[in-house]
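First subunit A sits with subunit B, and in the next complex the same chain sits with subunit C.
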Partner chain A sequence: MNNIFAVISITFKEGLRQRILYGVIISALFVMFFAVLFSGWFMRDISKIILDFCLSAVSVGGLLIPFFLAVNLLSKDIERKTIYAILAKPISRTQYILGKFGGLIALAAVVMSILSASSLVSVWIGKLLYGARFFTDFSLLAFTQAVLMSWLSVAVLIALVVVWCCVTTSAFLATLLTLFTYIIGQTIDDVVRFLSVDTVGVEISATVEKTVQVVKYIFPNLAVFDLKLQAAHNVILPFGEFTTIGMYGVCYCIVALSLAVLIFQKRDLA
Partner chain B sequence: MYTNFMKETVITYDQVFKTYKADIRIKKKALTGLHFQVQKGEVFGVVGPNGAGKSTALKILMGFVRADKGNIDLNGQSPTNPASHKFVGFLPENPCLYEHLTIIDHLKFCARVNGYSSQESVQKIQNLIDLVDLSHSATIPIRRFSKGMTQRAALACALFHEPEILILDEPMSGLDPLGRQLVIEIIREYNKKGHTILFCSHILTDVERMCDRIGIMCNGKLASIIKPEELAQNVYSQTTNGEKKTPLESFFLKTVEEQSL
Partner chain C sequence: MKIRNLSYPVIILAAFLTVFFTNPAYNVRGKYLEETISHLGNLPTELLQSVSLEFKGVIADFLLMKTISFMGMKIVEQENPDKEEWQRINQMLIRITDLDGRFRDPYVLAEMSFVWQAGMIDEANILLEKAVKNRPDDYTPLYFLGFNHFYFLNDAEKAAVYLRQAALKPNAPDYVKGLAARFSLYSKQTALGILFLENLLQDTQDKNIRMYLEKRLTALEIIDSLEKTVIAFRESFQQMPTSLDDLVRSGLLENIPADPYGGTFFLMDNGRIYTTSKLVAPLKK
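Let's turn to the complex of A and B:
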């Protein structure tokens, strides 16, 4: 465990020193300013607009980690042979993968926490400016649930970045594969729902249906982690449902990381 | 220094083969039956032309690359076992460290994975930074380092846990004469403590000065092993087109030519 924490620590430090926090803090200030400004244009729905805007910013902030930092930190590690500095020590490849994943989700947690805090400040400023009566629907629990699930979806995506970085040596290809995974993950739920509804005059071929079924089980359903709408409408997810979605995310990460470890064990780091 | 009495083998390559896929259709044979042993306490230098398989041999020894065939033994353990790295320090060719971190961050990482407490590591880190002459740059990120400084920082990381075996891939590349002299002195001092050193280099004069035995690699295998004193005894010195060559240079060229035939 000590070795995993050592890799987590060095990944986290390297990520932070890339000055991402400056970018995140500037973004947080923008979010606070624009959320308050824009929501004023939608009387009665001020709370919903602020929350929707801020939670979207939290998601986007989190997504920057798998798309830019994770590929950069992991793929370049292998490409530029920085990995030798780690694996020359008594650290196994499994510990390296788990450490990298841990460091990246910790970075995502910091980024999303800063943006979440700025979101709460926006809500507070909104209350002061527009009056507390527009914020009676606001629930901190629903907001927290939405942020936690958003972080979990980022963790799932980071686990998949780790898989793609183990499969390919190209950072560009890893980014592209992650993008495809994200698009499939966000849309697969809608596609399955569309196919399950019989539409007059529209015939779906059996091959398409089977392909969608296979894709559904291979790729993560990222849409289930999206609780922005619920938070904006003060809908608190029951504990059982929240735990089930959480377990789904955790299980998906475990499966993806196991696959990454299997691939990485056999890979030549020449 | 190495003597004939020291016969304990710490590194063994036993008929090791490795082929890389250079392309979908093209395969490149990197090692074609590499076979040699390194004894405890000796400095073994491997020289060879570009593409001879020197770096591949070291990467296999570190477990970064898997051999297709053959046995490799590193201090009685398989190189793929991370526990074997407890006794080994490795300096890769053109070392690449984490650009945004400092040498102190890297050495703290080494301390942590080698089980040193933070109190123990403070003095050790300072000593190592002084040893590689980087005390003036200890708080500067690695990205601001020159190639030679990065090389010395990586050497400090390799030496942190005082490994029994030091494996160096082109340790002198990118170093100015002062840097080269510093690294040579560090390696010599390290060897005096009884530690084993295996290294690859293109700089034949350094190899000749430092090694107890020199292996010449060609076409993926060791073509010849010679001791520096044997070089001195035999007249390998020759002059080509008026250019005088050192005994090792002459022996190296002769061996490579013979292998190419």
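Let's turn to the complex of A and C:
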């Protein structure tokens, strides 16, 4: 366990060394300013506009980790052979994978927390500027639910980045696969729902239907973690539903990481 | 060394030219703004939903901002969108509410502009029915539907049904609760129009839209005041005035007020007041 924490700590510090926090703080200030300014152009839904912007910024901030940092930290380790220095120590390949994942989700948590805090400041400034009556729909619980689920969505994506980095030796290919995973994950829900409705004049072949059914279980449904609209309209998810989505995300991460460990253990790093 | 010496004037000149070209660039963009709206509104809903990924809320916000900017530009230029543009705006509001069905502003915008400015009562009502479905706790869509049926469609019976439903919603203000019952007492639609516009203004932030609503409210208040003077004339002289000049001659009215839309107020046969501008801003020449 200590070994895993050691890798988590190294990954976290390595991530911070990339100076992402500077970028995140600048983005947070920009989002705060822009969200408050932009919301003033609207008629009534001022709190919704601020939350839409801020929660999207939280998501984008989190997504930077799997898209840029994760691939960089994982693939480059193998490409530049720096992984030898880590694995030469009494750290198993499983501990390395779990540690990397842990470090990356911790980084995502820090980034998303900074952006979430700035979002709350935006709401507060918005209240001062436009009046509390436009913010009666704001709920801290719904906001927290949205941020937590957004973080879980990023964690699922990071788990898949780990898988892709174990499968391929190229950082570019891993980034591309992550991008495809993200787009499929965000749209698979719509595709499945579209196929489940009988549309007059639209005939769908059995092969397409079966393929989608298989893809449904292989790729994560990232759309289920998107609670931004609910938070913007003060729709709080009941505990049961929130737990269901949470369990789906956690289980998916466990499966993806197990797969990554299996592949990585068999991989020839020479 | 020479290049280094040259770089400062080049940078200063570039900075100066950037400032110089800023406004012309904005003007070029303004010329094609209308086109941008039409293209986005024509995208199929399914495609728009898919490409929006997890950012449907923000995309809906941007699309509405584009629509408001377009309409704001028309208000500032004292122009009215033409029939085709109104249809594009309608398409856009449909797309926006497909992305975020609970978004309140597109429905309010439809109510403020479609029914008052474009005469698109049916289109506004379709959007409002969508709002009733997507915002089950909100009284406003039902209130707007009730108003449209009473004021524009002359269907007091259906209006009362909508208002009764609106009154049952948890956020319904007290006046809505009493309004359904008092509907039949509103022999003058103008009074209801004033009340309705005052409520819209209370919650409207946008400067251009406020300007538009205030202008209409002023016009309705003048009409209401003139109609009251006509009643006073009839009670005093036991006959209807033949024109608004009779009111001035009788001393009941100091002068005929100016129509904020640039038209002239006139007396109709039924004793009601209307204006030659039809409460629409004239086209800017």
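One rule holds for everything that comes next: the second predicted complex is superposed on the first by the 270 of 270 C-alpha atoms of A that agree within 3 Å, B and C clash if a C-alpha of one lies under 4 Å from a C-alpha of the other, contacts with A are read in each partner's own complex, and residues count from 1 in each chain.
The definition used in the following text is that a residue touches a chain if its C-beta (ideal position, glycine included) is under 8 Å from a C-beta of that chain, and two chains touch if they have at least 3 such contacts.
Computed from a prediction, not measured in an experiment: that's the story for all the values here.
Here subunit B and subunit C are compared by how many residues of subunit A each touches, and C touches more. Of the two partner chains, subunit B is the only one that A:18 touches; subunit C does not reach it. When the shared chain is aligned, subunit C comes close enough to touch A:46, but subunit B does not.
Looking at the shared chain after the overlay, A:84 reaches subunit B, while subunit C stays out of its contact range.
In the superposition on chain A, A:193 contacts neither subunit B nor subunit C. Overlap of the subunit B and subunit C contact sets on subunit A: empty, with no shared residue. For subunit A in complex with subunit C, the touching residues are 38, 40-46, 48-49, 51-53, 55-56, 59, 130, 134, 153, 182-183, 186-187, 190, 194, 222-223, 226, 228-229, 232-233, 235.
Taken in their complex, subunit B has these residues touching subunit A: 20, 56, 59, 62-66, 82-86, 88-90, 92, 94-101, 105-106, 109-110, 112-115, 141, 154, 157-158. Residues of subunit C touching subunit A in their complex: 46, 49-50, 53-58, 60-61, 64-65, 68, 100, 102-105, 108-109, 203-206, 209. Within the complex, the subunit A residues that touch subunit B are 2-3, 5-6, 9-10, 13-14, 17-18, 80-82, 84-85, 87-92, 95, 266, 268-270.
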